[in-house]
Amino acid sequence: MTANQGEMRETYPDAGEAYRYRTEAAEGSLTFQLDGGVAEGSHTAITLDIESREAGEGLCRTESGRTHHFAWAWVGPELHLWLDGALHVFQRAETRRRGRAAGAEASEDVLAPMPGAVLEVLVAEGDRVERNQTVVLMESMKMELVITASRSGVVRRVAVEAGQQVDRGMRLLELAPESDAAD
Amino acid sequence: MTANQGEMRETYPDAGEAYRYRTEAAEGSLTFQLDGGVAEGSHTAITLDIESREAGEGLCRTESGRTHHFAWAWVGPELHLWLDGALHVFQRAETRRRGRAAGAEASEDVLAPMPGAVLEVLVAEGDRVERNQTVVLMESMKMELVITASRSGVVRRVAVEAGQQVDRGMRLLELAPESDAAD
Amino acid sequence: MFSKVLVANRGEIAVRINQTLRAMGLAPVAVYSEPDAGAPHVNTAEQSVALPGSTAEDTYLNIAKLVQAARDSGADAIHPGYGFLSENPKFARACQDVGITFIGPTPESMALLGDKLRSKDIAIAAGVPTVPSAPVCQPGDPAAAEFAEQWGFPLMVKAAAGGGGRGMRLVNRRQDLDGDMEQASREAQAAFGDGRVFLERYIANPRHVEFQVLADAHGHTIHLGERECSVQRRHQKIIEETPSPALTPELRQRMGNAAVALARQAGYVNAGTVEFLLDPRSGDFYFLEMNARLQVEHPVTEAVLGLDLVEWQLRIANGEPLTLQQADIAPRGHAVECRIYAEDPYRDFVPSTGTLLRWRPPSGPGLRLDSGVGEGRGVSIYYDPMLAKLIAWAHTRELSLRRMEVALSQFLAMGVITNIPLLRAVMQHAQFRRGEYDTGFLEWNPAVTRSAASDETRTMARALAAWAAQQPVGMDSRFRGNDGVFRGSDGQESVNPWRSAGQRRLP
Amino acid sequence: MFSKVLVANRGEIAVRINQTLRAMGLAPVAVYSEPDAGAPHVNTAEQSVALPGSTAEDTYLNIAKLVQAARDSGADAIHPGYGFLSENPKFARACQDVGITFIGPTPESMALLGDKLRSKDIAIAAGVPTVPSAPVCQPGDPAAAEFAEQWGFPLMVKAAAGGGGRGMRLVNRRQDLDGDMEQASREAQAAFGDGRVFLERYIANPRHVEFQVLADAHGHTIHLGERECSVQRRHQKIIEETPSPALTPELRQRMGNAAVALARQAGYVNAGTVEFLLDPRSGDFYFLEMNARLQVEHPVTEAVLGLDLVEWQLRIANGEPLTLQQADIAPRGHAVECRIYAEDPYRDFVPSTGTLLRWRPPSGPGLRLDSGVGEGRGVSIYYDPMLAKLIAWAHTRELSLRRMEVALSQFLAMGVITNIPLLRAVMQHAQFRRGEYDTGFLEWNPAVTRSAASDETRTMARALAAWAAQQPVGMDSRFRGNDGVFRGSDGQESVNPWRSAGQRRLP
């Protein structure tokens, strides 16, 4: 019998709050128990038989005998879990919190919400922008995307130029930290 | 431009003699040249463009523009190469020679020629056997296999028993080294 | 027949054309951009030519490079697939000019049918019903106001040179008419270099039903039945089926005859598709446009008829007579196609990029997969995010939908987000199962674009995530000898930094 | 209809049965031995039961365990697939005894048809030609000598309870007759617990042509056309096709009628196959045996008829009437099946075991894959080495063979040796292409069982091997984030002991 505990957060398909859990594993069987009331839903515990021989792929069986095919892979800090045809993405809660804490202290980035091409950058370094002001125009899959500033501040850096192809999550602009702006 | 050389041996589909080769690589292109007359065949040199992005898989193009899909994997000391639907197996010539040399000095094994079940072991440890004497009966895919000794000698060890499942290449018996037998 | 055919395309359609070419004993020549090096459409060709560049403009849309590649490789014909240059008369003409056969209609047919107004005139001349419209007009034109007066709002403003939703706008109120026309004209000018727009009556919630047509160069034209393509997201089809649950035999016959009449009127040669809007309440249908090329969804027609449309495209382009008669066209069973996109069905269909860490499509009775990707390959931002098409056939509609649903639930794709759960939800949807749907299906049923995981499934997913997070990150078995020992490239054992991911049961 | 069906099998046939069960809305229950944990036939089921043990005897052949698994899981029917217990009357009876429907014929039919002599009597009673034979006799019997006198040598000695080539011997000379009969009898006793043997005339180089039969419980029996299975290795079929190139319409009708008459005479219910030997020179055919189960090669029949044989097996077992009439059976096009074995075609078909380091089957128009394995899975010594079946359909025989050949050349399987190059060589063989072959095909054409790599191909392979040997042994991308950084199970970066195997061009 091996006991374990952890804290995770779902990020896909629905982003959820972090939850704590405990697991107990013995003889090919895993009991999972939500620990603390942080996660919604009526099912808080489950026991599964798990069999896994190939790297990243396995099969689990519930107590009623129902069989489910699953696979997993790490994509950066994300744990992608495929279960019966659907994707579920998790992060360790610590990872996410660490990322956030670091972000709050540093400058704030305006990120590309999807892959595509930059049509136009409407601001320059040093410009003062207001919350919801349009800062970049992008085109992606025949759609025009209007990228707005999430807060007021000063543009510290412009990271892209018109015509450039960008990936999802790529930094378009950097806003100076709040403290800088307040100075 | 990177030059390289080596010595290899084909083991599948046709086992061949070892051959030496030289390669020169530059700008996505590989020139291969058989070096020395050890390998048969009229084609002794070829130049290929090679593109490979996925692990273990790629595409090559001859000077005439013909495109070939290939993949490779190491299976133990064997390099398996898949090319347009057919398998070719190679070993580094050194590897093979090392294995052989070691074998000659040590005792000799009688190996299972294919996977299957041991039906009967006809000899016991310490028995003297003659060349071509039947030592083990196996069954594999509804066929009975008669395993004979490749030389005269004394059975040093019996490694399997009746009813046991064996894999290809698994040791069935060990014959004492020639020198022992001669003593 | 040709001996070597350059396929001026990429992805699943290029692979699919390669398959037919090779089965016919013709050598396919692939072209590929830099991100497509080693892609399946290159691997399945017999010869290949690299096109320098990454964007579509630099590669698959570059007429000069493509024609040069065909000449360099000795190809005597070019198949354009769909999309890219498939309906570009200049490309067809550039092929002609150097004596290379373009597999498709003449440049003249393409130009004619690519113009929404001229193609509408052809339909009218052929006696095919069209959506009532006003001629090309300027904002403020009395003809525009008159048309609006006659038909009321909402109405559509469309680009004459249009396609793909550009330069198209729904006008809801009289006071928006001039502004919307101006905006559409600007968009059309930017997109097509042609700012002409016209007004059209708006058909609310139609069904999209199209007829496949084959015509040879000797004046023989037939249709191969219909495809219903009403499940769309952002005006793009995602699910297609044949037969359409909306058609009666009588309506099928009338629409099929209309499609053939139109193709004849246009002097059309090769495979083409006549698209109609069908008003399911009145049973009225209207000509929408004719696509002068192979259609994405052609496999459902192939499945019920047992034909190879690419084979027929080649034979027709080679001047052979179409030996099929209309009476030979007897569909068997039902087929449905799902387009597998790398996009997030729960976030407004945002495209997803990444590496396909897993790509294990289902297989079995009644299933066909046309795929342009493979495990380990990257999905880039450069091209259309369609990864593959899955086609399910069965002798009844109900069984083909269920086969599709089961197959989707077994489709293991990881590394990018796909629309597979959405497709599965549509297959399970009661309205879709009853065949009662129109082009507004996704808007009427927003629940389909939300995750439907039950509490139990979520708990199971959490449990498996907790379990998986404790597993060592293993090494793939293909880099391990069969004895489980890791070896370096020299075949010698090496230290394995992770525990073996081989045989293992829960700890 | 049943609600839950236990599939008492493994590998591709269990997966294939699961697919149909799920498409029909029935829950498949898988059983599996220890080596089969997590195998595709378990993954595609809705429920599963582990059978302790590894050998077939301990698991898929263990009647008590299987019946218990069905009861424990609440299954109301059992599908036996082919092989294992599919033709075992005791198993069918054990199912009946606990009120579980056995998907197949009655135990009585099975017992009757499993006995070579009794089934021969049925054929004779139905007016179906059989190979002339002597009744069961002992070595030294005057009846044996008399029969040999009448028909000459060579002749066959066969086990009455026989099957799979056991207890079967070709007797070449008079002086061997008694010895061969004794030996066959001993083998038969050992294999079946029944030492009875009989003599039969030897038909030299026949073609193997079989007819698929469907019969419901209400007395309605039809046939679904033939399959030709003459390409065999060690008396086991490896390539099957329909229609047979050996049959004229007239012969097809006569043989089909004979198959139906025989099934009727046997009171047969469910799907079965009547096997014939066909003498291609005389056009005479002889009843060989009737297989009281689903056949490995059933997909070619499904491909040309657009039927699901497993669906019909279930409907018939459920007491439903067979609504198909003989006149409805109109094959369309041509289908060929290749059995993909883990065996070495160049070393006497020795089975090969290992881990499937790569398993990337081809897909596309006209292709169907029934597979029981997946990448990363082990191929063990415990069971039959058949990995999968590839089926190609096209509207002509020539095109279906070429589709198959192209698909085989694209079938990427590594880690075990497979027979794919042999299958490909057969598809390319002029005799096979002309349809002129018999059960001796591989013996007449030993070149097919030798590697046919050209000098140029060998040099290319050597060059690629030299190149590959210099490459680092990479890590699979699925364990790497999309940014190319290796991460441990905690998502943190970790040291990568090998260079990235990602984007790379020659050195």
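A few comments on the model shown:
A, B, C and D label the chains in the order they appear, each numbered from 1.
One rule holds in what follows: a residue touches a chain if its C-beta (ideal position, glycine included) is under 8 Å from a C-beta of that chain, and two chains touch if they have at least 3 such contacts.
Predicted model, so just to flag it, every value in this text is computed and none were measured.
Touching chain A and chain D at once are the following chains: C. Taking the CA centroid of chain D as reference, the farthest chain centroid is that of A. With A-C and B-C as the two chain pairs, more C-beta contacts join A-C.
Centroid to centroid, with C-alpha atoms defining each point, chain B and chain C lie 48 Å apart. Chain A and chain C have Cα centroids separated by 31 Å. Distance from the chain C centre to the chain D centre is 37 Å, each centre being the mean of its Cα atoms. Among the residues of chain A, those in touch with two or more other chains are 51-56, 69, 73-75, 79, 92. Across the assembly, chain D contributes 43-44, 354, 357-358, 374-376, 410, 414-415, 469-471, 473-479, 482, 487, 489-490 as residues in contact with two or more other chains. By the touch criterion given at the top, residues 2, 4, 6, 8, 10, 12-14, 19, 21, 23, 25-30, 32, 34, 39, 41-46, 48-56, 60, 62, 68-75, 79-88, 90, 92, 113-116, 140-143, 165-168 of chain A touch chain C in their complex. Per the touch definition, chain D reaches chain B in the complex via residues 54-55, 164-166, 234, 346, 349-354, 357-358, 381-382, 385, 408-415, 417-418, 420-421, 424, 451, 453, 455-471, 473-477, 501-507.
Listed in rising order, the residues of chain C touching chain B in the complex are 29-30, 37-38, 42-49, 73, 374-378, 476, 478-479, 481-483, 485, 487, 489-491.
In the complex of the two chains, the chain C residues touching chain D come out as 15-16, 19-20, 22-25, 43-44, 299, 302, 306-308, 310-311, 332-333, 354-355, 357-358, 360-361, 363-371, 374-376, 393-395, 399, 402-403, 406, 410, 414-415, 469-480, 482, 486-490, 494-495, 497. Per the touch definition, chain A reaches chain D in the complex via residues 51-59, 61, 65-67, 69, 73-79, 91-92, 95.
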